[in-house]
Amino acid sequence: MVEPITSWQSGRSKLMTAREAVERFVSDGDTLYSGFNIISFSLTNEIIRQGKKHLKAVAGSVTPNVTLMAIAGSVDRIETGYLSGTLRSKPFQEMMRDGRVKWNDYTNMTITLRLMAGGMGMPFICANSFLGTDYLKPEIMNHSRSLMEDRRREDGTIAPPYVVIESPFDGRKALLYPALKPDVAIVHCQRADEEGNIQVWGPMADTKWGFWASKHVLVTAEEIVPRSVISTEPHFTVVPGFKVSAVIHEPWGAHPGGLNGHYRADRSWAELTGFGMTTWESARQYLDEWVYGTEDRSSYLARYRERFGDGLLEVLRVKDKMIPEQPARYGWR
Amino acid sequence: MVTPKTGDYTPAEMMIIATARQVRDGESTIVGMGPPLLSAALAKYHHAPNMWYCTESGPLDWVPTSRDLPAPIGIADASLVEGASMSGSMEDALGAFVNGGWAQSAILQAAQIDRFGNLNTILAGTFEDPIRRLPGTGGNADIGASVQRVISTMPLESRRFKERADFRTTAGYIDGPGGRAEAGLAPQGPNKCATTMCVFGFDTPDGGLTGSCEMVLEQLFPGVSLEEVQAIVPWDLKVSPDLAHMDPPTEEEITLVRHLDDGNHLRPGRY
Amino acid sequence: MVEPITSWQSGRSKLMTAREAVERFVSDGDTLYSGFNIISFSLTNEIIRQGKKHLKAVAGSVTPNVTLMAIAGSVDRIETGYLSGTLRSKPFQEMMRDGRVKWNDYTNMTITLRLMAGGMGMPFICANSFLGTDYLKPEIMNHSRSLMEDRRREDGTIAPPYVVIESPFDGRKALLYPALKPDVAIVHCQRADEEGNIQVWGPMADTKWGFWASKHVLVTAEEIVPRSVISTEPHFTVVPGFKVSAVIHEPWGAHPGGLNGHYRADRSWAELTGFGMTTWESARQYLDEWVYGTEDRSSYLARYRERFGDGLLEVLRVKDKMIPEQPARYGWR
Amino acid sequence: MVTPKTGDYTPAEMMIIATARQVRDGESTIVGMGPPLLSAALAKYHHAPNMWYCTESGPLDWVPTSRDLPAPIGIADASLVEGASMSGSMEDALGAFVNGGWAQSAILQAAQIDRFGNLNTILAGTFEDPIRRLPGTGGNADIGASVQRVISTMPLESRRFKERADFRTTAGYIDGPGGRAEAGLAPQGPNKCATTMCVFGFDTPDGGLTGSCEMVLEQLFPGVSLEEVQAIVPWDLKVSPDLAHMDPPTEEEITLVRHLDDGNHLRPGRY
């Protein structure tokens, strides 16, 4: 009766390629949680490469990968608190002005809470964040480039993006936000096992609720590790494997973004290429070279080495790692 | 009190085994306090190694690191973290996993069950003048509200099987077809009830919206007759056209359940 | 410019004795979050010893320490999902029947969510848990031993313990629960530093939200560690020091309960003494010997050793500890 | 664009320093994106070592492990975890710490501020026809709704100081005394606004319920006159009876701010 049972978990593997994951789990029109601080540029590029259309991007703050997807024609709707990369991108400014990209504004916290509500099966959740602001004006809620169609109820009326009611407990004003349930989440993580047990460390932002709220979670992982690595540090697991649809082993999958414990963001390169977002011309050039012109992350990395030499990736690698001074230990017998 | 039917195993052991047999390999399961912890462990050791064994205080996907380990004895048992893929919190387990709709099944004990699968965990008698106040629902009501395949388990005793539970703490099909939908819940809920004498299913041909949504006698334990069951259940029992006797425990099952019961889940008076 | 700055955190110490903590931060009539799975029996005994009165105990599930406080006359109101130790305690059954202890029922999840709402400044939060049950009947919400007085509004009316409304977003039924904001939380934790940065591992249950929601957090800690132990494993911190009012260094502070990584629950002893809760007589005897008859945790432990020998505590100690197979490492440069 | 007033320091540097001087030792502070990260780091290195330096993506209580370290450059910067007492999430930082009422102060940048301290982070022009769409509020609106001592910081420029912000993304005192309470918020909010020429306070003798709740000129930077400030601010400025010139930067402050600015927060055009 001392047979080890590590083999019990067979048949739960979620390992596949980025291409397969995007083909199987991302559909035109989907709502896409695209991450706050650990971006899967690998999956971003694959979504663009496969020509996915009419995606809605959501996250507490969305990052330059969303700007890129918008410019490439994959994302045309956004719900977020913050758009990194907005200011310098003429194409993106243009598309937000002429209605090619529609949006409603939320905040870092209210998107997190909306994902939390979606993840826990609640219809809505409270937060004070827009009380006293211009966001509660009806003409702002339903501005001409807002996501009114996404809010159409079964009876044809348009639901508001936020509602003030009186609390039935104490009569005070309560501002409600609707639950948010993305179709698919894409994130890069430090490590996962083949069953999809995902581990992340560093500032967590809205990652956990983005995962729980989404129907499909697709992760690229810097490392694929055995189950025993996961289960001896189970506090790093963000969501367990049954919640995950695809695990892709993709070292440097966050590049040109960074990954805590592994590599720094490639700022000099990001600025050099401007992420392809400054003008329409540079955008097309960037997409041609780094997205359409590469087949997958390996060929992206091969091109990177070819262009910039092997050394630059090594420069980005984190050398100085934190060592627990007195490691916490679980134990029960 | 439960007494052995044969020299080989007790009705309580057979209840644990019959409950375990309802668990499917590969499914994600929220396991409630008490005997369900033992039944789910048995299923995992026996025929459902890929079942995701999750408990409400936060440990998700318990995988015993050795077959020597006994079943956990509580839903916040420290042993549940050993081998687990995630050490989370109540909002992960009950909030996201269960109420977010990711638990494919649940195993729950209760003090009472009624004709429509509603559970009672709070008291015997009336709320204003209870005979006894019980510990309460814990996560039982949270789980019953959201899981689409609830397996309940309790001894077949007349104080437990009621036409209407003394108090409904956990929604089953409420008063019949469509009851859950009308209350604001997903239409489907209770799926099986495993007892010390038999296993019931529910008459829900269309996921809780049609059929009578009543309990249906599906399987009798070895040596138990329909009449014996009906003598305990106070309403006119629906009986499956496929009513059959369940296979007795295999030697492997009975050995496992005794090995796993380190927490004395089966000690008389414990449930 | 390479001066180490570990001394920067001076002046933030929260270290004190259990006696001082209870004297300063627990007042008659307070709402007390008393923990779900790591119980500070040290602070429980001190609360009883100081004769605190009319406390309301709250937690997802309350544990035998609440039964003990009720029998001793310190707790007379309860909001919880589960009462451990109810069944076998005749005094407790009696007090719940005759109204000496009043209560409203919630669940493990809804208490957690109510604490979450309290912790995040929300007036209420949604959960389906009592839809379709008898709890929504008005006569049950306001049963004769319920906490109606605690729910009295400023205008004299009684707020309900749960309310069903129609969601303004999609018209579906939404069941609301009011935020819960305890005055004080007592918990035992594995380790803390003197500033009150608290670290806990194992099943987390509602611990984090119990801490965030409470005005004062009092922790007994198995170990007091330097800041560097905390900051090299910052993911174990449940709430940071500014949230904590008192840190008490109290080894074995959870005894007769257990503590993940340190010791097992003392079941045989707990059953032997029945926690003093089976009858009024055994209750008085238990309280006399183990609570009133001891001054603090040291004298409690001295009595324990005297009664049961040194060996038993050693037997309870966890020997087999989990070792990370491939420790996760933070790093950014 | 900001130009140096003296050969010794720039107005932008003085803004960072003036902002840092508003931070009190021992207080818990939520630090927003951009220049606030630098100001708060300066305060922590200089006079507020016991300040709790917290950022919205989850790292709480950043304590640089060596004086060699530069200021963090983003609110999800990996360096914020090094030395922190807690590596949490958005619901810890913005949910519990900020909206739960535990942040004693906040430092925020914005594109515009108005007479009553309302902030704008979203656009210049009108919502239907913006001149420019800005990145948005991030956690700014969440923080402004809940913190009782908000310190905002931005260059003193006529496009930024408006009688009414082009769009109010973050509640200040809204339209005057009691405005916050009427909207459903705690009555108190903005406390200071540090610019490239001066520091403003707010006329809130009773925590936002009385007084005009308008911005009040309290301190001028060295060499700056009241008239120069009034020439930029489009409404008739309230002036404190104690209006004074702020001390110039000390050598320590200016050395620290330059050392800390590794992220080039102060590079022209960056804010």
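The letters A, B, C and D name the chains in turn, as written, and every chain counts its residues from 1.
What we mean here is this: contacts are C-beta pairs under 8 Å (C-beta built on N, C-alpha and C of every residue); 3 or more make two chains touch, one makes a residue touch a chain.
Model, not experiment: these values are computed from the prediction.
Across A-B and A-D, the chain pair carrying more C-beta contacts is A-D. Subunit C and subunit D have Cα centroids separated by 38 Å. Chain centres here are Cα means. That of subunit A falls 29 Å from that of subunit D. For the pair subunit B and subunit D, the distance between C-alpha centroids works out to 56 Å.
Taken residue by residue, subunit D touches two or more other chains at 59, 77-78, 81-82, 87-88, 91, 95, 99, 146, whereas all remaining positions touch fewer. The set of subunit A residues that touch two or more partner chains comprises 113, 120-122, 127-128, 172, 174, 201-202, 235, 258, 260, 264, 322, 330-333. Viewed as a network of touching protein chains, the structure does not reduce to a path, ring, star or complete graph.
Across the whole structure, chains are in contact as follows: A-B, A-C, A-D, B-C, C-D.
Considering their complex, residues 113, 117, 120-128, 153, 159-160, 163, 165, 167-172, 174, 176, 178, 190-191, 199, 201-202, 225-226, 228-229, 232-233, 235-236, 258, 260-262, 264, 318-333 of subunit C touch subunit A. Every residue of subunit A that touches subunit B in the complex is listed here, in rising order: 1-5, 8-12, 118-122, 193, 195, 197, 212-213, 227, 230-231, 234-235, 237, 239-243, 330-333. By the touch criterion stated above, subunit B contacts subunit C in their complex at residues 55-59, 76-78, 80-82, 87-91, 94-95, 98-99, 118, 122, 127-128, 130, 132-142, 145-146, 167-171, 174, 179-180, 183-185. Remark: subunit A residues 36-37, 60-61, 80-84, 86-87, 93, 96-97, 105, 107-110, 112-113, 116, 127-135, 140, 143-144, 164, 172-175, 201-209, 258, 260, 264, 322 touch subunit D in the complex.
Interface residues of subunit B, counted against subunit A in their complex, comprise 26, 28, 44, 49-50, 52, 54, 59-61, 63-68, 77-79, 81-88, 91-92, 95-96, 99-102, 146, 259.
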